[in-house]
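Some structures to go through are shown next.
Note that subunit A is present in both complexes that follow, paired respectively with subunit B and with subunit C.
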Partner chain A sequence: MLLVAPAVLLLVLFTFAPAVYAFVLSVLKVQVTGGLLGTSTAQVFAGFENYVDTLADPEFWDSLGRMLIIAVIGVPATLFFATLFALCLDANRARLTGIWRLAIFLPYAVPGVIASLLWGFLYLPATSPIGGQFIDYFGNTGIFFAVANVATWGVIGFNMVVLFTAVRAIPKEIFDAAQIDGASELQIALRIKLPMIAPALSMVALFSVIGALQLFNEPTTLKPLTNAISSTWVPLMRVYSDAFVNNNIYGGAASAFTLLVMTVAATVLVNVIGNRISKRSAR
Partner chain B sequence: MTRRTRSLLGAVAAVTVAAAALTGCSSGNNSTDSASSGGVVHLTFTNWDNGMQTLVNTWNKENPKIQVKLIKPSGTGYTLYNKLITDNSAGTNPDLTEVEYQALPMMVSNKVVVPIDKYVTNLSNFSKSTLSQVQFEGKTYGVPQNVCPLVFFYRKDLLAKDGITTPPATWDEFAKDAAIVHKANPKQYLMNFDASSPEWFAGLAQQAGANWWTTSGDTWSVNIDDAATQKVASYWQNLLDQGVIAPGPSWSTQWNTDMNSGNILGWVSGQWAPNQLPTIAPDTAGDWVAAPVPAWTAGDQTIGTWGGEVEAVTANSKHPAEAAKFANWMNNTKEGINLLIKNVQVFPAAQKYQSLPALQTPPPFMKNQPDYNTLMKQLASNVRGFDIWGPNANITFNSYSDAFGKAVQNHTSFVDALKTVQTDTVSDMKKTGYKVK
Partner chain C sequence: MTQATIDGRGRAARASIGKDARGGREQARRAPGLVPTIILIVGSLYCVLPVLWILIASTKSNGELFSTPPLLPSFSGSFWDNLAGILTYDNGIWLRWALNTVIYAVGGGLVSTLIAGAAGYALGKYTFWGSKTIFRTIVAAVLLPPVLLAVPQYLLLAQVGLTNTYWSVLLPQLVSPFAIYLCKIYAEASVPDEIVEAARIDGASEWRIFHSVGLRLMFPALITVFLIQFIAVWNNFLLPFVMLSNNELYPLTLGMYGMIMPTGGQPNQYSLVIAGVLLSIVPLAIIFLSLQRFWKIDLLSGGVKL
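== the complex of A and B ==
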């Protein structure tokens, strides 16, 4: 009991306390009374007014929808490419794997804001070397792929390393046995390696889903470049713009708390599904 | 000068500020605690203008008892204002800050700035219309710095190639010129419609005769979707529908590149543009010419504004008298204004000093137009603003960017977008508790 005390203390201080504070803010509001410019402005109790405002706002649900679209594009892409890279690097014939591993991991080391700036240059017609003159990367459909691409590009490397480590942890004897049985490199990858890294895969999926919920840097940095991204384009941008542009920290807190609940629910859900899958494959 | 450097850097800064505000740390801005030591008063001053340091240095040399430290804010415009509001409750604001006119009511209603009537007595150097921007309910909040009329900047060399030798005098001519330019070279546009700059659109509405906010007693009227503003909105939508102006936002990489390479030939901007153009279109110094913004009816000289700012003393300041003294020196004395003209390229708000010899020299970027400031003086005298900026102009502006951005993107009605802005503004005011008619 005593041994976990420091951990519990830190958890309370840095996780629960801010959440509680956000909750307290979310049930308050500013009320202006008297005078043209509200010379007596006070913080008053608002009950669940801010939550009602958030949940009744179609723009909130739209922003969730846009986030989901990006998740639907980005999460499978992340999983697919991370797995593909990991399996390719582990293949017997792969050479210079150290260098390639580093190269694939490198984008993860680039801060999201900088990555978005770089991709912005690549997308814009005036500066694009990848066909921005012909492809409308900031069109109503293109924008989802443009944002998902930046987000995915940044995290594939990290996820690849996780999966690669899992592949490496599989005892080599299993592959030798399979080879003697006549299995090809591809069959080994698909029938042996893939099922055996299922737990790692479900963890990577969890990271990706949480990453999608936290989508903020990429659209925020791309926003000044295009009319396609509004200030409430994804939920976190809405929280930011409520709190720091519209000066409505209380509404922002309510949206943030609503999102927190959703994030926890999504995390639990993905975890349960992931556990089922890995249990089934372990059988 | 107004700086809505809605650039990429701005976005980076925004994220940084968010982080700083969330964790409640406002490094660098809290120095009032270690205020007076040995009779010397130390002031902190937040300002984002290029060239302001020279002015502060001169003051510090001449006033050993009042030492000012200049702080560059991590974000400009509303990023800064919201930080000021947040830091106000923490008591960590600088003594003095720059605030654009349109944000001052918001600063007053959030009690971020204090009246300076007690400390500054020679405000009669300013015109009534300038003072109306900083005086509310009989109190003066800060010393006005500049007047920023809208100006039409254009590439004389490139327009001449298309046979356009005089700048458009009316908006009808502007529309014709836009068509000529785009027809001669499909890559070129006379201008872009800037859905990301609400102050720009507000300035155009001012010129057309709109009055977005009016008051009677302590009751507000909001008229953002009035006939005048609808006229402006429909005009630009028509140009966009014809495809003769570019749809992208200003202050983006794309726009900078187009401005620099000559794909965008004009810019309806503020008086402060020559201080910004060197970063936007560095290769084009001396190629731009300033002209009055086109009029709705030939001969009408009414002009709207874009930006302009006031130096205000904060509620957190422990030395408001000294802070006000510095603000007044900077904006209301010959020496201060001379330095402002030379280093920050302002057109001063103080009428008494609008004919200083320093104004006979154009800004370096406009070196081909020696009478640049004569034009500014003429435009400044024809400026028409709103009666007052709303206490939640930030909501209005954010709503404009979202609604008009969306309308440009989806080719939907600008007039409907205007209605959204009106609704957002009014409902926020009502929710906060302002009396709205």
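== the complex of A and C ==
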């Protein structure tokens, strides 16, 4: 079909070709050749050497650990609050829901980098209106919450709206029937609405996990404001600094591929768990 | 505007009918209605206060930023100084960055929406050799981390001499797997086979059916896809970060990041950056909130059921 052609062409040129190229790079290395009379460099096949280097580097695992900590804080918080707000918006007697929905949606219109700059000022002791003088947002544990908070703040409204629309799609007759059976509104929310939006929830969870694995903007933007974030703080920052700062594109590509394998594994896992849960609640 | 917004129309009517039927019980249990409202107010404060703080902070000079109470605005006239400061910073480069952002986000958003619309329509309405495989491959591409692609994209574009140009930021973003996925779902749901058939019987070419029937029916979805793409491009930090070295080509995000970067935590430009942050949030927020009735996010949650 002609209509798919531009998409496929661009995808091949700018996504698949680079991905293949990245894989090729990840199994190459530079060798210095020529002894006494001037040196030249050549790319030679390295096998899995770069991968071994990546996996043997403790800093790689540390950066992975930091990313996981942020994901463990940020993903459940995003899911919990987005669901809570969505259910509250749909609650029968909630007031002025249009205004609250707009307000919670607002951060989505703020680009991630701008949001990080903004929160950076809120965290800085000198300018903080939220107790930065007393709370060390850039401390050893604080930094994880600080980064997770910026990420959560940016996506909570979007996820809330997705879940809210899912709640709205449930036929109203079900609620009426439950009410006649004497169910309270809280019971309806927890026992009917929540299980019925499980598919939407698992999709939101999936996107949150992918988002967490690709964490880059927030820590990179906060970095100039604090010493707590190193240039290899999360895996993608490491890939970036390998490739563009240390001129080791081969090692960077290998780290990126290792990460890709982990992303795919995590995605499959979330998908399987999500399917289990929605199947169980369908029964 | 309260109900008939993001989730589409018709809800308001249904909800109010439901309420009437339960009128009696409603009176008896008014108090618990406070709880959801309070939770929503707290959530709104969390989301809005940082933006309000930026507004407050932008009224302060650099000195006042560190000496006055953080939550009180200053009326020393520094607000205008800051605005003038950011607009004239480095010969007005902030405006150049703003213009670049518009080029990247609007241009990239429009073209990628059209491409995704065409691909989504084709994948949703026709089955042809390989169409399932193509769709699955496209969706799987969501998983590729942008940094993985950034290195080879840079190397490939460098070979054709396109790095450090507008193209280097625009081209890689023209096709978005997520947008294609949304368009396919929406095409399946909103372009009925009967209409396509009828048009075919009337002798319309497939191309004509696409642009006068398909595109028209998909229009509401395309607006949402455009807004999502616009935000995605405007959010993309890594690609311009990698591709551009000439700061005249920077988008706002990269430019302002650079403004805090060289000082390395030395706060002499903070008030300017704060004014810049304000200037870049407010127009965008106004545009997005005023366009909100065009958002059709139900197509996101609708997709889950298919």
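Observations on the model:
Basically, the second predicted complex is superposed on the first by the 261 of 283 C-alpha atoms of A that agree within 3 Å, B and C clash if a C-alpha of one lies under 4 Å from a C-alpha of the other, contacts with A are read in each partner's own complex, and residues count from 1 in each chain.
Here is the rule we go by: contacts are C-beta pairs under 8 Å (C-beta built on N, C-alpha and C of every residue); 3 or more make two chains touch, one makes a residue touch a chain.
This is a predicted model, so every value here is computed, not measured.
In the superposition on chain A, A:L225 makes contact with both subunit B and subunit C.
In the superposed model, A:P199 lies in contact with subunit C only, and not with subunit B.
Among subunit B and subunit C, the chain that touches a larger number of residues in subunit A is C.
By the document's definition of touching, of the two partners only subunit B reaches A:N140; subunit C does not. Contact with both subunit B and subunit C is seen for A:V113 once the two complexes are overlaid on the shared chain. By the touch criterion defined above, A:A7 lies against subunit C but remains apart from subunit B after alignment on the C-alpha atoms of chain A. Look at A:Q31: by the touch rule set out above, it reaches subunit B but stays clear of subunit C.
On subunit A, the surface patch touched by subunit B in one complex and by subunit C in the other comprises residues 113, 117, 120-121, 126-127, 217, 220-221, 224-226, 240, 243-244, 249. The residues of subunit C lying in touch with subunit A in their complex are 1-3, 5-7, 11, 14-15, 18-19, 21-22, 25-26, 29-30, 32-33, 35-37, 39-41, 43-44, 46-48, 50-51, 53-54, 56-57, 65-66, 70-71, 115-116, 118-119, 121-123, 126, 128, 131, 134, 138, 141-156, 171-172, 174-175, 177, 180, 207, 210, 231, 234-235, 237-238, 241-242, 252-254, 256-257, 260-261, 263-265, 267, 270, 273-274, 277, 280-281, 284-285, 287-289, 292, 295, 297-298, 300-305.
Those residues of subunit B lying in contact with subunit A across their complex are 6-8, 10-12, 14-15, 17-18, 21, 78-79, 81-83, 85-86, 105-106, 108-111, 136-137, 195-196, 215, 217-218, 220, 247-249, 251-254, 257-258, 261, 263, 391-392, 394-395, 398, 401-402, 404-406, 408-410, 428, 431-434.
Of all the residues in subunit A, the ones that touch subunit B in their complex are 29-39, 41, 113, 117, 120-121, 124-127, 140, 217, 220-221, 223-232, 240-241, 243-249. On subunit A, the positions that touch subunit C within their shared complex are 1-4, 6-8, 10-11, 14-19, 21-22, 25, 81, 84-85, 87-89, 91-115, 117-122, 126-129, 153, 156-158, 161-166, 168-169, 172, 175-176, 179, 185-186, 197, 199-200, 202-203, 210, 213-214, 216-217, 220-221, 224-226, 236, 239-240, 243-244, 249, 252-253, 256-257, 259-260, 263-264, 267.
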